[in-house]
Amino acid sequence: MEIKETKVGWSRIEMAQKVALDIPDESYVNLGIGLPELVADHVPEGREVIYHTENGLLGMGPIPEESERDPELINAGKKNITAIKGGSFFHHADSFTMIRGKHIDICVLGAFQVSKDGDIANWSTGKPGAIPAVGGAMDLVAGVKRIFVITQHNTKDGKSKLVNECTYPLTGKGVVETIYTNLAIIDLKKEGLVVREMGPNVDFEYLQEHTEAPLIKS
Amino acid sequence: MINKIVSSPAEAVANIFDGAMIMIGGFGEAGSPIELIHALIDQGAKNLTVISNNTGSGHVGIASLIEHRRVAKMICSFPRTLNSTVFPELYNKGEVDLELVPQGTLAERIRAGGAGIPAFYTPSSVNTSLANGKELRDFDGITYVMEYGLKADFSLVKCEAADRYGNLIYNKTARNFGPVMCTAADQTLVQAKRIVELGDIDPECVVTPGIFVKKVVEVTNPSDESKLVAEERSYPWK
Amino acid sequence: MEIKETKVGWSRIEMAQKVALDIPDESYVNLGIGLPELVADHVPEGREVIYHTENGLLGMGPIPEESERDPELINAGKKNITAIKGGSFFHHADSFTMIRGKHIDICVLGAFQVSKDGDIANWSTGKPGAIPAVGGAMDLVAGVKRIFVITQHNTKDGKSKLVNECTYPLTGKGVVETIYTNLAIIDLKKEGLVVREMGPNVDFEYLQEHTEAPLIKS
Amino acid sequence: MINKIVSSPAEAVANIFDGAMIMIGGFGEAGSPIELIHALIDQGAKNLTVISNNTGSGHVGIASLIEHRRVAKMICSFPRTLNSTVFPELYNKGEVDLELVPQGTLAERIRAGGAGIPAFYTPSSVNTSLANGKELRDFDGITYVMEYGLKADFSLVKCEAADRYGNLIYNKTARNFGPVMCTAADQTLVQAKRIVELGDIDPECVVTPGIFVKKVVEVTNPSDESKLVAEERSYPWK
């Protein structure tokens, strides 16, 4: 318990920075709603990355000034955005041609759970009475070449999000490549969950304690 | 002479019948043909199946159509959005049905319906509950699910400019589902911010060729849905 | 044989005129290569008809002056054309969305044979050594709402093109609505081949003599 | 930095390997990337499968590629056109294979390949010899044939203008198969009549978004195929 006194792990911004470092120059990237959206602000200088938003824009730019907002220029999270020079607009079927046809290089998503086999659950908690809403999540995990997950390592009540088997309804099976949490960067490899990097004041023992699925030291 | 221009939203939606299958364009408020939807509320058709990405916000547009109990079933990918309370409440009371479809599958099913493709295979939703009961099939060692083309009796679409042939262009991400929905309905009914002369739209830049459009009405200053929602307005206006 | 002395039946132009009369105002029409192309010149004044060419143009206009020819503006027969005001260009998949999706009202095609059941053979004589080439014919007959055939009534060696069963490879089955020949206009109805109109100096007996399939007087 | 511009047709086609599956845009001469095809002849790759609507004319472009025995198989809808003698001769000698596909099915198979759709159903060719041996299936009482998506290692495409992101616009009916072919290849190689600055192409009018393009080379004055054929030219130039 004394470990709570010092800073443990990364902040949300630092997590986004870690993801951004792994996005190569010239990538086409789709960012999920929420935490993934932060990634765009942290791509290293000198890398040109093109952002796709599934509602019909390749070349999503930063958030506009209040005075320049166009209610007809929004992202998948329905937030006002801008379009970069060299961007293009297209309809939904063409947009998902990019996704389903494996043209997008990287998708960064949030998740409720990721299993040791790379299964992801991020669209429904399956609670009775909740309105099911899937959006483009299943298309993204089925179609994008590389799926990165950015999420807190544990739920608010302390449960591991990195599990042996997802208990929430699946979004896709065996699709996640890397998971970036506040505690660590973990690659999902054939041999298992390989810890690539740990956050400040996190050691392997601590990390495993906070993780349901078995981890492997890199 | 071909002249698809009609004089009012009411005239545009006049033929919509009870039990019709209706596609409604828009992704959130962008591209939502709110004046056509309001005209449809006034017109009174009920027991509708509505295909649209979302279920509307506040008490205007699609949300108002649902609130007035005109919608028996929604086919959509994301039935809850910011300030969407109408659909969730009625859904939980069992007063409206829902067919949940992944967004890309929804777009492709509509495109297929318009293109004369009765069914196709997609990797999206395989190994999830949304593929339950659907036909699976392997191609080159990968499993896909069969999905059916979707067609409608009517599509309601909003665009930026239209000419009397029904050629359309859109504005930015308000394009979204409009072009595929135009192809997939017996009658596509369009509200355009501007009616322009033949030839004013560059033939290289036409997004929806007129062949897919039945009627066009000019709505010069369409409502800004998010403003209406922020102001807590309800349709019909009080 | 004495009948050859007087004009029997319609000229090519007259055949095209007959087809054109049956094209309603506001129709979207695809014209096949050859004889069907003549139809566009004979649509009655006051009717606005939009021509589709499957290689990517809705709103095909007349043949251009030599000086205005653009090698990148051609029709399905690879002839130079023009585009009308209000036309639009699109790619092949979108073009066949119009065809397959039943958006085109009428297609006028030539044919080697049409059967009494509306089967059409117009893409291959099935001769050994001939290069098979189908183009868009099978898509057109499968997708367009109404299929009109315009053709000489008999082959050069006197055989009937309106047959009981097609002997040439089929393009489509049960699709032809009306056949316009130099001798008659014949509607393919449930009850059979109904002769709607006969050309100059053609009577029913003469027509039946020159037709393999049984005809019905209207 | 993203810069898809390369300096020569030779550089554009440098990676094409023996046995590659190649889509080549164009409908007749309109849209045929003749300079890229000639560069490919110089480059020497052989045993190619070529997907293109036609088989070329005279002794230039695709016809020359075939004449130089680089093509093992053609997948196309119309292998004989005006002045096309090369393919018919070699086909009748059994020196080149042919898969004949209805034109709309060809376009849709390419679109499906690019869109991650492994197979779909179409009414085209049902009850004909081109459906022989293919899987048939009824939907709502109508019979359809199952067709597979088509993908390629490379697509060769001609366009009107391109920018360094690879965004493309086309000219008139030279658009034809280009946009779908761009989506369906691992590497799409483009010859553009003009290279323009980013932003010069209206984002509402981009036909092929850059994501589908690998390399672009400027060919300011592309050959006029019908002129070359009329002049009885052969490639390589003599």
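The chains carry the letters A, B, C and D, assigned in the order they are written, with residues numbered from 1 in each.
Here is the rule we go by: a residue touches a chain if its C-beta (ideal position, glycine included) is under 8 Å from a C-beta of that chain, and two chains touch if they have at least 3 such contacts.
None of the values given here were measured: they were computed from a predicted structure.
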*With respect to inter-chain C-beta contacts, which pair, A-D or C-D, contains the greater number?*
C-D
*Please compute the C-alpha centroid of chain A, do the same for chain D, then give the distance between them in whole Å.*
37
*Could you put a whole-Å number on the gap between the CA centroids of chain A and chain B?*
29
*Between chain A and chain C, what is the separation of their C-alpha centroids in Å?*
56
*Give the residues of chain D that touch two or more other chains, as numbers and ranges in rising order.*
108, 111, 115-117, 122-123, 170-172, 204, 207
*Multi-chain contact residues (two or more partners), chain C*: 83, 89-90, 93, 96, 99-100, 142-143
*Got a list of which chains touch which?*
A-B, A-D, B-C, B-D, C-D
_Going by the contact rule set out above, which residues of chain D touch chain B in the complex?_
108, 112, 115-123, 139-140, 142, 144, 148, 169-172, 202, 204-205, 207
*chain C residues touching chain B - in the complex, by the definition given at the top*: 25-26, 28, 46, 48, 50, 52, 58-59, 83, 85-90, 93, 96-104, 142-143
*Spell out the part of chain B that touches chain A in their complex, as residue ranges.*
27-31, 53, 77-82, 87-88, 91-92, 98, 100-108, 110-111, 122-130, 170-180, 207, 224-226
*What part of chain A is in contact with chain B in the complex they form?*
53-57, 70-75, 78, 83, 89-93, 95-96, 99-100, 119, 129, 131-139, 142-143, 169-173
*Show which residues of chain B lie in contact with chain C when the two form their complex.*
1-2, 111, 113-117, 163-165, 167, 183-184, 198-199, 201, 203-204, 206, 209-212
